[in-house]
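Listed below are the structures to be examined.
Next come two complexes built around chain A: one with chain B, the other with chain C.
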Partner chain A sequence: MVRDKSLTARHVGGVYWRALVAQIRAITEYPADFWVMASAGAMWNVLQFAFITVLFAAVPDVAGWRYHEMLMLSGLFTVASGSTALLVDGVWSTGQMVLKGEIDYRMTRPAPVVVQVATTHIGMQGFGESGIGLLMFAYGWIGAGLSLAALPIGLLGLVCAIVIECALITVFCAVNFWIKGPMSNFAFVLVDLQSNAMVLPLGLFPIGVRIVTLFVIPVAFVNFVPVAVLTGHLSAWWLVGTPLAALAAVLAAVGVFRLGLRSYDSAGH
Partner chain B sequence: MPILEARSLSKTFRRPDKASGFKGAVKHLAQRKYKNYTAVDGIDLSIEAGESVAYVGPNGAGKSTTVKLLTGILKPSEGTVRVMGRDPHVERIANAHDIGVLFGQRTQLWWDLPVEESLKLLKHMYGVSDADYKRRLAMFDDLLDLGEFMPALARTLSLGQRMRADLACALIHDPKMVYLDEPTIGLDISVKDRLRAFLRELVDNGTTLLLTSHDLADIEEVCERIVVIDKGTIAYDGPITQLKAHYITTKAVNLYLEGPADVPALAEKFPDYAWAAGEAPSEVTVTYETSRFSTAGVLGSLTAQLAPRDLSLSEPSIEDVIRRLYAGELTK
Partner chain C sequence: MTHGFAVDRAFATVAFKRRLAYKTQWVLGLVLGGGAMLVSMALWHDLLADGALSGYDWSAMRAYIIIGFVTATVVFGAADWQIADRILDGHIAIDLTKPVDFQRARAAEYVGSMISTVPTVIVGVTGAWLLFDPPGPATATAGALTAVSFALVFPLAFGITYLTVLVCFWTKRYLGIMWLREALLGFLSGMMIPLAFMPSWLQAIAWASPFPHFTATPAAIYLGHVDTAGALGLLAAEAAWAVGLWFGARLVFRHAVKKVTVHGG
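Let's look at the complex of A and B:
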């Protein structure tokens, strides 16, 4: 057997895609679970949709942002967050895998460990979450009067939002290589802060928070920057930062995971 | 050039040093103390291509840690490992193509997928061609009877089926060096026999094998060389036949006499042998040194002078020898 012993992007992509497709096939083993989880993911975000609608029945805008713009802001974050459950849900189990020594086999296979961990399972709530998020984003888009000409920017923002969110969750879950525990508490805190604070206009927050969310932990590029550019709250130049933030987040995720593997000491010595 | 070479290999883990109970836990939060625990302590190991090596030792001796160091899962605290000239921890991807690993206590099957899906995922991961994949599967089916449970979900397999499937996963890419950590743990006799036959076939085909097992029958049937590890250091390294020849220096004959055995009288009559009473009054065990007496000579004189009703011959097993090695009764 002649084999290429280096990793290529095609090989890594193939491993990722096949593992993900296999997980989707596994989901068909539990149809009831699928519908319950997908509905739960959808319900939670329908409530968010309703909350924004009720709020804007009472106030005309929040820090200059109108109803449909706020829907886009919330919708884009919801799509990104839901996508992490579909694309990298396995990283939430990093802590458990480290504690139980379940990284062992993954280190003896010719594929990146982070890819193997990320595709360990799929969070079925992600289907409902992403679906409702897309609906909110599309409804906000139409209501805000955006034309189809802005679609390429919207798609770039959407793709980058998903990449940044997946990468940041991976970084925060990889903390469990050092802080031993089964729960990915840091990632939970990140998502919690995002779902509470980052669905609001960034102008509401002090300058320190703005700097951190733009340049340290670039969560502002997940939803705020793309939507602000689309709706004219920020100049188009800010859009350049979105793919850069995505690239930085991916490099950070790969780097932190690699560092984690160096300190991994398995289980059962 | 050896296929695997470890020099002065050591692994030290840092463990929290805290008192038991709630008070100890709280104290540890404020005043953190750690102790170093050396699991593997300066091991030198060299394995030539095609060798089948048993790596044995009592619980906690450092067997699994050594396997994890050799496979690149763990980074050594000191010393070096080279597998086919590579550092397995640094050149993890290239090394992964050439090694196969099985940890008997864990599975590498995807839990909610059929076995064949797991194998297909691994096929793609290792870049195995369709023709090679089919050929390997046919071989596994022939030797391990995989076909019967290939469509079954991993979580529905019995332990024996799971182990056979895991073995196929470890070998699907035709690795040159195979590490098997307790491959027969928890299996019944028939599955064990089938696995051992498969491993013998593997070794006969030239695969290099490092096998850790507490079941010494695995070792005697599959391996030619044995490395005994205790407290992180190697207590013995050599051919199994040599271990037996070196340490098995006595044999015993169990005699079943017509009447009750008078052990002191017999010891007086045959002072060159060691005598011990058996379980029944008419049973007696005679132990003799193989370097001084031939078995034929001993049996001839005993049957001629004592006319036993029946007799049986026994020799210490490899298990006895290793038990004594663990206990420190024997030295290298």
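Let's look at the complex of A and C:
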């Protein structure tokens, strides 16, 4: 049984990887589109970098957070957000596939439907986003005076941030199994609110917002908690919550997608 | 090719009704714009607690953020995708056979779709007014000139949007082009942070572009940061950009339309 499980995991991993490679090969056929999209992803975050820099020319801190700490906060979110475009961008098409009945033949294939849906597309903006995000995070890290000894915590935060973000977007896109529509509005609202609010210190917001982002929809564990622990704004104990939030988000994504598939009744019924 | 005003009105009405049919877009615009507005309020309430920064105190900033919400909702909620799709899927080949001016028809549709965002604006501004009690315009004249500035945002937004959509003649997708435009507009208009906070060289770059007229111009007039003569100068610049972009787009279109490709060759 153990052998079968490992083969299954390898098979799923193989399907996922081959599908992604196929998408990358497709991208190379349209170099102009690649550069426009990658530049757009980079531009948003260069301007976010500029926003923080301009702001901190006028103020010494925001709710106790200094310039380089804010860069880390923004950078880690950007890496996570950009990675979703590279790793699971296809989930944004869940609503359209449900409407058009395009889940049908994916259910007959010997691979998890969520993996097949997630790999139907790659968001080329993710290259620019992740690149600039990593730059911001690294620049903030050095500027904040963090040592290399903290690198394992940084890497744990980075991996968990990507996992949580991918899983949460999958959950919010899967809402379209029940609330039919071509647009993934719920996921779009999640990402938009995150990109506005979660690149700022949580202390700016009322207690209700803090509780929701920490314990209901754990977006605070994507970037705020890891960076707050690294920079000493939160106790190290909070770090335990980061992998737990990642595990919970993945279980929620798998569970919600399975429930969605159960309620899926193809098109035209 | 030119056509009558009745045709423009018909295009605008159809676009308006089409947008109204998707009521979730109203709610979505309110949640997205309202969310961004609340986040900005939280940030600047904290930063301006001890006094003014770069000429903005908490009272002025509340009005500034609401003005940014109004223009962002109207501009980002317009139907630019429909113009892009016509180029990308080849519908433009049919449009070119019709006895209507392509640019004017798209402008009418675009303005119609912008008007459809007004209910979202009204609900959002009313809510913000009740929650944050922003100051009124500096003078009655400033209030009237702010309204003129908002009105000029319609042709200005179309000019910038249409010019960037024309890039679709050379690309296969529109999303990245839209993001690039929105990123520049969000930053250089002062929606993200007032231009007064920026270093002088960056302010000069911003004011050399049409983007500040989306937020910085109406806000400066409303808050009385410029006198009446200054306000009229800003409005003249805004109008000049709208006219310049209109004719600039005609030149680009004349060249770009030679690149049109339709599915199947």
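Please note the rule applied: the second predicted complex is superposed on the first by the 260 of 269 C-alpha atoms of A that agree within 3 Å, B and C clash if a C-alpha of one lies under 4 Å from a C-alpha of the other, contacts with A are read in each partner's own complex, and residues count from 1 in each chain.
By our rule, contacts are C-beta pairs under 8 Å (C-beta built on N, C-alpha and C of every residue); 3 or more make two chains touch, one makes a residue touch a chain.
Just so it is clear, the structure is predicted and the values come from calculations on it, not from any experiment.
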Partner chain in contact with A:E102 - chain B first, chain C second, else both or neither: first
Kindly classify A:V15 by the partners it touches after superposition: chain B alone (first), chain C alone (second), both, or neither? first
I'd like to know which partner A:P110 touches here: chain B for first, chain C for second, both or neither. first
Share the list of chain A residues that count as touching for chain B in one structure and for chain C in the other. 30
Over in the complex, which chain C residues touch chain A? Could you list them? 24, 28, 31-32, 35-36, 39, 42-43, 46-47, 53-54, 167, 170-173, 175-180, 183-184, 186-187, 192-193, 197-199, 202
Please name which positions on chain A make contact with chain B in the complex. 1, 3-7, 11, 14-15, 18-19, 22-23, 25-26, 29-30, 101-105, 107-111, 262, 264-266, 268-269
Chain C partner, complex, touching residues on chain A are 30, 32-33, 36-41, 43-44, 47, 50-51, 54-55, 57-59, 62-63, 124-125, 181, 185, 188-189, 192-193, 196-197, 200, 204-205
For the chain B and chain A complex, residues of the former touching the latter: 11, 13, 37, 39, 64-65, 68, 71-75, 92-94, 96-97, 99, 101, 103, 105-106, 108, 110, 112-113, 117, 120-122, 124-129, 132, 153, 173-174
